């Protein structure tokens, strides 16, 4: 890169600047984007993804699944932690059990139903579920199941082991964690993938303001920028030193509607709200051709996503009529968005205008994220513009999270409840026949869509920008950097 | 006499202000020869101060000046700032009428006196300070070595005046414009200052323009006198000639009003009730060097109803402090003040209205005691209005009446203090105090800035109030003649103590203490 | 003097107590859950509860406050809820940056303020005065973040003179890295101060003692420096004190735009993450510095003006 | 009357008056609806149908700039008036009386100053909900401190002036002395500062907008418009430039008024 005054840049250090921050280094303790991105670099998993994001052997050289899909056996390769100690099946079992048993585990859906996990020998691991569990293989690839050192966690305790420099099993180890500023990484000398990482280290830098992040990229201070906004695409696409690849993401942007509160407790109003929106126009305005209108409630990258589902048509007349039928004309509706985010604000403005046209009185409420989450969780909102992503291609987690009313988070805090959907969700987990699974998930998509559980808006790729000076770096759909494969263009 | 040092020809000064134009000085011409002392006397507001300021180009921007002012062949009106600067302080310097506001509150007085030395004579700061101490000693400031570190707010009125004088003579100028330089000084110090001026005059041919309303002082030191009225010179000439055979009726009136010639009013009966009982007052101030300074030391006095008590004594001896204690503005360390037997020492910020109605004070410094943002009318009307002393419909009438009582022209009603002469300010202060219709008036040097005619009228006014309403007066003054003619009782202060007290006739005719004797000896007479 | 300073320092205790109560109260009244902010919205209610339990957030408010104070008395500011690092360590990590920035700003601001204020006052009404007044209004009305962004674009991206982000290494590195941030803050501070100083100067220029000084034949420049400026400096000094205290806590925006790892960003993120202990620790720290700065300005005022008592 | 005003005051008042008129007559002066979005005409440059171009959702920038005057003037006035009244009153009394009241008040000042503005705004917004009124409440709670400190410093000097003592000997009540004698002689720096502060208040709104907590969309407000538009600075400069220009002109007007008033209040200056 252009050399930054006063700073030597001899080593091949990859710098990524992001809005999202590393909040903890304990892989089971957060599902926030920033932390997940760090977990992936520090902890290896049993399986990993190839260039096409297909599952391939990771720490496990191969695996066997029992016919009833309750027993999984993994055969591990020889590998070491960053402190030089061997990674054994016991460590993996410990990792899995820890996720299941730690009351503070942020997201343990994957191993909820796990009966036990144990080492058969140093390199053979057995995992047993209470009932058939098809999604598990995808699950073990997620960053939350990054393998931690049992010895170290037991020695230092669950808090201290991750508070500064954890023992890592992935491509990198921590040099310094400057909280609230950056995570400085160097290659893990004992990483099992020989020859990787291709670079000399990495820095994950946290910067709030998008303009600053972009300026840093343009000034050559960083190699990649995570999360740029709409407003900058035009400018950056003209910059010869910057590339803006379209990187698919397993995410969908949605309008959450509170099913427990008028007017959206009335299905007619929800339907009207969806019909009122000209999705294609919205998508075009918001994404400038970089994504597509969502036609179902599941991200398009997921397995069993139904590409043929028709989606919402734009029919304001019908919408107005429905609103009148429901007696909701002139009703006050709030849209909550998080601040500061100019994209959400723009989306909210557009929705406000469309909904205004069918007789709803829309008030936009911008608030800081903590307050926003609190209101969402408390069900203290009418509607909310959001996006969510799934950690793997496996739709099981997605539907549990977003559509299942009895799965713990009230269908993404919308209070949507359809018993048939909940039933189908459980069926999907246990179903071994892929065709029948496809049917199950298609039915879930159709049901939730018709109930207007949420209003899907669009599928959008990661909005990242890269310097032309590096190669091999991208963000996978599952929010993981291919950092170990990145290097400076010679 | 050779070429005059200063030649003023057809000086005209007028002020533009919101109310229109004020013609303050008209067609004034006079000369000052080398080594000559010229006195300017005249009515308060007649343009004496303005003329002096005009000479050094020190009038505010709102003034327009025309005429010719020549100082040893240079036309001062034609000089640029730098040219004027060279002359100011070195060749011609000035003592201002309100010393208080003319000293920088944030600078120690020693530095203020040494400044001109540093700038005109390239003295080093330490040399200059030594010289400054010398000057302060010459103007009779006690302990000048320590005093140099004091700030203006720590000095008494007379001390500030002496600091101003010291600064003015620091560089040994050729001409000194002294605007009422001794108003705030007791007679002994006044005598010594006059002596100092005279000796500078004799030894260094210092020329002086002495503005004063004290004809006796003028008679004592001046070679020639100018008499001003309404911005014009009405008479001028040799001192003796003007004083002993005045031609102009105004001058005649002026001489007539001289206090020594006023009839001495008979003392009132001494068996009336005790009005004010001040007992064993001690006051301490933090002194600049650390530690404390005792400003009043075991001071006790008694004032009867209808009586007039003169307070005399050297500058800085605690006279004003006593007045402030009685008013509740300074809290004494110990002692008590009783009004008709009731203690009136205040604990709270607000002074007791019932006491204020009975006791009023006219401050020594007329200018500083007026709110700079209030017009004359507002200042006088405020107490009347606030305390509902007159019905609203009568307000204007009463203000006009009070202004008339103190001889203030009604055209001044809308002026702010900065647009008034010293004497005018003083009379506003008197009118304001009288507006409260007090039983006891504390008059701190109320005549210091007044010409004798007005002085006489004010004294007559007070006498009338004493007779008609039984007003009692504490009359702080260094003008012993005035005290003799106006007061029944007198106390003599020295260094915070009362050294002698008693009936005027006794104390001032047969003084017991040497200090009092010295005071009497220093009184200038015509 | 020492006694009075000591007495003033004694005032710090009630202030700190007041601060701790107010900040505690504010935090308690502010919705948003630190546990949720760490775990993320997919986390289960049980997990959130478990984290809250560990953090001690489920205890009665008074008890939480008691615990906090108990630790505080022992000099312990507690641990960051989010980062599980002692708050004092976090503050010490970010303090040098903000401190450096604040000093930098002062160094840039004070001489310029004095220079411009004087120039404007002495040339009142002339073009230079108008120019200073208008440009300062311009500087003042331009939002800090906007200006900062423009400067980034021009001086860092286009010209490459200054780095976009960070603190740099070594004294020169710091100077280099923090130049644009310091200028951004100064551009906002200087106008406020200059206008004030100018007004105060004009006020004092009419005083009697100035006339008296002229009568002594003192050079105008000297009168200005030693008399007018000194008398006019009091209100400006006070304003400066207010602004400096503001500076310590108020560089947030600038720190965010220039990605400077300082106390401002720390506070910003602590607030967004509801990191209670960091918020409290920082507020106490701010309070402490505020009191010290106030004390210093008061002492300076008393030093300049003998009429003022400490 | 006006003829006797200093020139800067007349000029400043003229600018501010223009904005006031614009604010009042906004619906009649502007061609469009300030909130109507038009996705077919986003980021149109100035000229033609759009005097100042359109923004990222196709709203007419000119219309919004004019309408924003309503909010900004209100915000400026309220955001300064409230803290000024509170701060000046407290500063006057604390400085004049000294003693316990002063100590307590100054401790409260210290406490308030210790809270970075952001915390209070966040807390208040979180407690009361976002919106401009709450923003002003937050402002009043914090900004009075500056006024209190500024005026107190002057009061400490003026209260010992002889004319104030004279007023006391006239038996005036303390509030009377404070408001009629002390206040007029200490207020002019406050007025200068207040005019400056008004600009700063509008800017504080913008800064909060930058972190996303200013006025709520789609309210037209200069600060928020600058904040929104800055992202498009290279692609569409006009989105943030014109509101910026408006804010600057308003700021110049206010500062001129401040200078003029200070000049009028100065003693002996004609």
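First chain written, first letter: the chains are A, B, C and D, and each begins at residue 1.
As a working rule, a residue touches a chain if its C-beta (ideal position, glycine included) is under 8 Å from a C-beta of that chain, and two chains touch if they have at least 3 such contacts.
What you are looking at is a predicted structure, and each value in this text was computed from that prediction instead of being measured.
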Checklist entry - Which of the two pairs, B-C or A-C, is linked by more C-beta contacts? => result A-C
Checklist entry - What whole-Å value do you get for the distance between chain B and chain C if each is reduced to the mean of its CA atoms? => result 50
Checklist outcome for this item: Whole-Å distance, C-alpha centre of chain A to that of chain C, is 38
Checklist entry - If you average the Cα atoms of chain A and of chain D to get two centres, how far apart are those centres in Å? => result 43
Next on the checklist: On a C-alpha centroid basis, what's the spacing between chain A and chain B, in Å?
Outcome noted: 87
Checklist outcome for this item: Shared-interface residues of chain D (touching two or more other chains) are 122, 126, 160, 210-211, 230, 234, 267-268
Checklist entry - In chain C, what residues contact two or more other chains? => result 30-32, 145, 149, 153, 206, 256, 268, 271, 305, 307
Item to check | Touching two or more other chains - residue numbers and ranges from chain A | outcome: 211, 368, 370-371
Checklist entry - What kind of graph do the touching chains make: line, ring, star, complete, other? => result other
Checklist outcome for this item: Within their complex, chain D touches chain B through residues 4, 96-97, 160-163, 165-174, 176, 180-181, 184-185, 267-268, 270
Next on the checklist: Under the stated contact criterion, what part of chain A meets chain C in this complex?
Outcome noted: 2, 4-7, 17, 21, 23-24, 29-32, 103-108, 159, 163, 178-182, 205, 207-209, 211-212, 215-216, 218-219, 221, 368-371, 373-377, 401, 408-409, 413
Item to check | Residues of chain C that touch chain D when the two form their complex | outcome: 11, 14-15, 18-19, 22-23, 26-27, 29-32, 133-134, 136-138, 140-146, 149-150, 153, 191-192, 195-196, 199-200, 202-203, 206, 234-235, 238-239, 241-242, 245-246, 249-250, 252-253, 256, 264, 267-268, 271, 279, 283-284, 286-287, 290-291, 294, 301, 305, 307-308
Item to check | Residue numbers on chain D that touch chain A, as the complex places them | outcome: 35-37, 39, 42, 56-57, 122, 125-126, 129-130, 210-213, 216-218, 228, 230-232, 234-235
Checklist entry - Along chain C, where are the residues that touch chain B in the complex? => result 206-209, 211-220, 222, 226-227, 230-231, 304-307
